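In what follows, a structure is listed as structure tokens, so that the remarks can point back to it.
For reference, chains read A, B, C, D and E in written order, and residue numbers begin at 1 within each chain.
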Amino acid sequence: MNSMNSIYENLKSKFNILGVDYPDDMQMAIDLDEKDIHTVIVYLKSIGYTQLSMLTCVDWIKEGVFQLVYIVFNWDNGIHILVRTKLDRENPKFRTIVEIYPGAQFYERDVHEFFGVEFEGNEISYKNLFLELWDDMPPMRKDFDPQKYSDEKYAAREYKSKFISEVGGEK
Amino acid sequence: MKEVKLFLGPQHPGMHGNYSVHMYVDGDIIKKAYPLPGMLHRGFEKLMERRLWMGNIALIPRICVVEPDINEMVYAMGIEKLGNIEVPERAHWIRMIILELARIAIHLMSFGGIGGPTGLYTASYWSIADRDLILDIFEKITGARVYHMYIVAGGVRKDLPEGIEEEIIGLLDYLEKRLPEYEELILKNPIIHARLKDNILLPEEVVWELGVTGIGMRSAVDKEYDIRKVKPYARYDQVEFDVPFGPYSDAYTRVSYKPIEIRQSIRIIRQSLEKMPKEGPVRVKISTGSALRWTVPAGMVYPVIESARGEYGYLMVSDGSEMPYRIAVRGASYPQGLLGVEKYLPGHRIDDASLWMDTMGVCAPEIDR
Amino acid sequence: MNIMNFIYAFLLLVFVFLFQTSITGINRKVMARLQRRRGPKWYQQFIDIFKAMSKSSTTHGWIFDFGVIMALGGIMATTILIPIGPFKAFADVDNIFIVSYLLAVGMLGMAMSASGSGNPWASIGVSRALTNMLAYDVPFMVLIVSFIYAFKTSSLSGFAALQQGAGILGWNFFRFPLGGIVALICLQGMLGKKPFDSFIAPAEIASGPMVEYGGRHLGMLFLLHEFSTFIEVSIIVHIFFGGGATPLEFMVKYALLYTFMNIISGVFPRFKIDQAVKFYYKVPLALAFIQGLIIIFTGLGVS
Amino acid sequence: MKIISNNSKTDKEDMRKIWEKIGDYFRANSIWMKWYCTGCGAIELPPTMTSRFDMERLGMGPMATPRQADVLLITGYLSSKTLRRIIYSYEQMQDPKYVVGFGSCTINGGIYYDSYATMKQLDNYLPVDLYIAGCMPRPEAVMNGFDTLISMIKKGEANGWKHYKENYDWYSRNQLHSLGEVYVKDEFHE
Amino acid sequence: MDFNALILFMVFSAVLSYLVSKSNIKLGAYSTILFSLISLIILFLGRNNIGNEFSLLYMNFRVTAIGWYFSLIMILIYSMTAFFNPYWMEKILYPSSYNFLYLFSLAATVGLFFAADLITLFIFWEVVVWSSTFIVPLGKSRKAAVVYFTISSIGSMATLFAIMFVYSKSGTFDINEAFKFLASEPLTATFVFFTFITAGLTKIGIFPFHIWLPLAHGNAPHTFSPVLSGGLVKMGAFIAYLSVGILPAYKAFSTSMTIMGIPFQIYLLMVLGAISIVVGTLMAIKQDDVKKLIAYSSVANGGYILIGILMMDQVTFAGSLMHIFNHAIASAAAFLTIAAIAHRTKTTKISELGGMIHKMPVSYVVYLISIISLAGIPPMGGFVSKWLIVQGLASKGLIFIAFAAFFGSIGSFLYVFRPLAGLFLGQLAPKYENIKPSTLVMKIPMVILASMSVFFGIFPKYLLETIGEIQTSIGIDPIMINGDTITTINGVLNTNKVAAIFGFGFVISLMIFLVLPKSRKVGLMDTYTSAEFIYTPELYHYANSFYAPFERLYKNHPSVEKFLGKFAVKTEELGILVNSLFFSHKPSVTVLWVMAIATLIFLGGVDI
């Protein structure tokens, strides 16, 4: 915990950190303004956080924002830092971090596909990857109803009313 | 007509799982490769938001088919961290036993599975049969062969059955006896040497570029980068074990680490059986919310553990309600399975494409989710 | 050459089919035991062949059909040339060169038909199969040339006759041990068993030339495989293991040799095709040359 | 909505010609399955195939391509992306061909009943001869299912492929409804 | 008819064809067909002329059995190829000269084979070289012609030197007499043997002179490649025959060291032949251009022919003579099919084609038969000749040569299959969807040549009896042939029986096929794609780098071409240097020369 405090102090002295949270012994979550993300991530990478564990998105529909979460990891001290920022939900656009972490390419594609967040500078992320011929809003948004979509598209099996009694009786 | 477009998968014997790679081939050299995941996409992350915290226990093991227990563990860890739940001591040890047994099972399967792409079918036949003995143990402990739903938030579902310790030890003895036979058949085989040595390299820069973890990373960067060592969960800090690592990662080293890891897992299980408290509670009830519709305090956490393929974690977000607000899955083979295929499969031969997928440890369901 | 010859030939084909398919079935059982399982019924191979033949099939044009017919025809014709012990359907045609070149008709027919399907996996498989042939045939033929020089005969029954009467040690396999090893390695390649089966490697090229075959085409290719296995093993039995004074003796030797090769293939993975070529041109070719020079210059073991 | 009943015994049994009976005997005793792991049930296939349960006892074995295979195993959940490929390669298989659905996901969508990506009922799209229940079916259940399939074939009851041909319009309407387009252009993602 | 008149007729027909072509190009092209066919008939019917001697102007001719045999092959190839001429007239720069040179070179080859003295031989040799040199650049590349001419002149000059040397010693040009004295002078004989045979080696394309073949064959007009490969290359075999048959090589070398009973001088050349087989095979395997591929296969087959001729024995020599015939017709047929395809598609690159079988089935069958013959698979003619050669090698125990023979023989499966798979089979590209099959006139020669391959494979006696007569006429044991049973020391071959068995097998197989349930026809793109979707046939056709793993094994091989390329650059530089030194107009250079000469004179103290 001490080491994380010192990292936090270090970061705070250099960047404008909006909030901090310690969800676990070896984890720290910091909130940033979206324009600070790249500088912070570059800095973190330079001090040993060489691995991008994950990049994902959370849809806070009530606040009307998307929260991007970059999780970076330092294998030498075992600390995960969750770098978070919020984007406007109506027009979610952000810049790519592919130049910093090349591994982010497919995470960004993933986030674009499931949330509709656009990453400028990562052209390939505009193509669908998992879903084929998708014809609705990005499915991970909170206002997307999978049950409705599924019922419309995929017919469900209709069971006869006496199904339960028949199961035992057949054959 | 210079290049030929070939498909490795989804319906191809060289591809394990429902996954596809589109390859542009000149002669037998792959010039371009594009992964095509999504054949196994079920929308887990969406479904989890629509289930109770409790109900998700049935859903999560199905994310990764070959190694379901890690999902249960990560999920349980996340809830415990968010809700500050203290797990009983005995449950920690039981979890370790389960996780290590599962690790042995998957390593056995993939170690023998090298017989698939290389044609040494005898190895696959043997290893999958031996893996089944582990599944039998699982069945005795949890009641299920593959999807156990055993590790739950607050501990494990129920205590170990009577006399299972002896059976586990008997199984471990048997596996230790069998391992040299496997090594004789696979690792000492000159043709395996010819095919795997100095082939399918994974240099250190690539590890950092892609974010590869697990055996691939450890064999390349020459450091003990294992989550169990770096940030121990459960009681891994109280057992002695070594993690194989080295500076040169070719297909052969990565395969040869698997029996070593199996031996270490056996070692961990033996120590666990010795050190675990012989009795005591194995589960604490979760007190927040109602009985089956319990809730988890709001927060965001990233629990992470070491799977057979590397760092495996969920980003779990709770808004304090009885359903998760968001769970995002970091599949351990996500980096090598997507960007790795696109960038580093080209340049290899089509003979090695299947081997590439195999020795890099690409697991389709955890990529697709 | 009269009508009786052709009747004998037909009977020979039927016999070889029954015999070799049974042996294959038994060997599947042997292989299963090696892999610690029970294995299929001993007549499973018959069922498989007839099942494939009973199904419907698709064709990709006349060459796809013609190639299969030509392949099976060529291989059947080659089978007719092979003597079983003292029994021959036709006199004076069991010349080793005729056998090995006529065998190539079958190979070519199959290759043609496979490529005719228009599937790239099939073409890759064919290219590997032909490369494989270049690898195993050359050392074997070098060996055969030195044998022909020494024994002044090039017929299979001639070779067999020369070895009979001197007991087991009279077999060429023991008189020319280096050559015997070369022959067995080459036989493994001819049979297309591991480690030299890269041309049908399912995990790499989805069973290669077989990719597009189903129904009757597949059934005929299974037949073809049985016949060609018979030819290849018989060549080695005749040249290196003394053939057979009676058909029964021949059949026993044959079954043992085939089972032995099969067991070997059970514990090996497969070479890549270029590794196979390198291997053949390093070890067996060198051994074949050494054996050949020994035979030609010293005559060691000839008389 | 039609479901092919496994027990729809008709007079055809008696009308089968002698060589059809012989053919059915061979087909029943040598079933080659297509090497396609469509879902998570495939994880129980290796144990079924290999030394412990040894599927080859029944004359069954994996085959690399649809042309060679007799039976298509739908091992579990079925995303729309997989379904397109399954339909495509099912149509490449040679008659007579059989479809076996594994697990509850193929029967009624199972645990993924509300997923936006998976089908709920396989027999809307392909003629299923046999379902094996369970999530996932154990190897014993799988073997038992195959045993049933074998006896069905012997009796000439596994006629899903004929049903598919006769009701092709119905099937293809369902397919198009759920998938939009079965044969997709594949360049979309490259 | 007298062969005196035949040669005159052929020369005049060449001129006539030139004149006709001047007025009407198409008619001129058809006249080449007519004239060469007439010559063929005259030659074939005039077999009773063997043994006649005659002279024309100052040139002396003698009709020998072997000369007649070679002439027959040559005119056959020329006349068959002539059927393609009408379709290439508009593509050739000077069509009338082409027609003239075409027939003129034919006349010259016939003259060459009947030459009774060395000067006649040499004159006709040069005529052939010159006329063909002018034809080659009418195709694509001038460089090809230069290389062809350079290599040919090396050979001609060496041979001319040998002829003059022999004349100075023996005082006669008569072929039979001039070399007789060599029998007792082994050292001189070695010298003459090697210089005289050089022309033959260059023409057959024996390593290291093989480099001109792929260049010339690959770049010559499509109608002339069959002639080059099937016909002109065989002139080299004739020279090789003269060097061992007429020049008493075996007698002269009887005292020298022997390897397996073969004098080392001859063995050396056989090794060169063996190297040609291996090099030709390896190079053919990696070619993408079909014409170059067949050209390299000619190199390999030239190796067989050379080895067989050098053996001068009962079996191998007969096999070699038969192989000359078989290779000529098979190779010409293969080239003709390629020409027929190039006529429609404008390319000969394997990787650009595919699926041609669906558009040109006749060409496919002809190509199939000819490559089966080239590869030596029964029941085609090539099998008999290869069988004889291999039997001969085995009976002598020449395992290293036999190694090359087998390598070439099995390697030929590889290279003949490559065009088969890439060009004829596989996916048909949409751009070739609408091409028409080859014309009837083109089909005639292709079908004739293919059926000859089959005929002489099943009934080789018609050929082998002639060959037996040739062998008797030059004093070696004739090949033993009784009915259709060929007997050698080590084995017998009855081609009738083999063909009957093959037919029997084929019929049974056909019956099995017909009894089984009918198949359903599907399109080429309805194929196994790992269940993925693809709609571009070009992308699903495997033709490029067909044997990539194998080719990679010898990718970095040492190459004669590279060496000669470097050599050419150096020569050019030397030329520039000489040019600047001797032919410069700068006064300083002149002063330099004067000073240098003056210094030499002073130093040497030479009296001028």
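Observations on the structure shown:
Operating definition for what follows: contacts are C-beta pairs under 8 Å (C-beta built on N, C-alpha and C of every residue); 3 or more make two chains touch, one makes a residue touch a chain.
Keep in mind the model is a prediction, meaning the values are calculated, not measured.
Among the other chains, the CA centroid farthest from that of chain E is the one of A. A comparison of C-alpha centroids places C closest to the centre of the full protein.
When chain pairs are compared by their number of contacting C-beta pairs, C-E comes first. Most remote chain with respect to chain C, judged by CA-atom centres, is A. With centres defined as mean CA coordinates, chain E is found 59 Å away from chain D.
One inter-chain figure worth recording: chain C and chain D are separated by 37 Å, centre to centre, where each centre is the mean of the chain's CA atoms.
Centre to centre, using the average C-alpha position, chain A and chain B are separated by 22 Å.
Measuring from the averaged C-alpha position of chain B to that of chain C gives a distance of 44 Å. Looking at chain D, residues 35-36, 50-52, 64-67, 81, 84-85, 89, 114-118, 184, 186, 189 sit in touch with two or more other chains. Counting partner chains per residue, chain E has residues 526, 528, 530-532, 534, 540-543, 546, 549 touching two or more of them. Among the residues of chain C, those touching two or more other chains are numbered 35-37, 54-58, 120-121, 124, 202, 206-207, 211-212, 215, 272-273.
Pairwise, the chains that make contact are A-B, A-D, B-C, B-D, B-E, C-D, C-E, D-E. In the complex of the two chains, the chain D residues touching chain A come out as 1, 7, 80-81, 84, 107-109, 113-121, 124, 174, 177-181, 184, 188-189. Considering their complex, residues 1, 6, 9-10, 13, 53-63, 65, 68-70, 72-81, 90, 92-93, 95, 97-98, 101-102, 104-105, 107-108, 111-112, 115-121, 123-124, 126-128, 130-131, 133-134, 137-138, 141-142, 144-146, 148-149, 152-155, 206, 211-212, 215-217, 219-220, 223, 272-274, 277-278, 289, 292-293, 296 of chain C touch chain E. For chain D in complex with chain B, the touching residues are 34-40, 42-44, 46-47, 49-52, 62, 64-66, 77, 79, 81-82, 85, 89, 111-112, 114-118, 135-136, 138, 186, 189-190. Put simply, chain E touches chain B in their complex at residues 351-352, 354, 429, 529-532, 534, 536, 538-546, 548-549, 551.
Considering their complex, residues 22-23, 26-27, 29-30, 35, 50-52, 54, 56-57, 59, 63-68, 70, 93-96 of chain D touch chain C.
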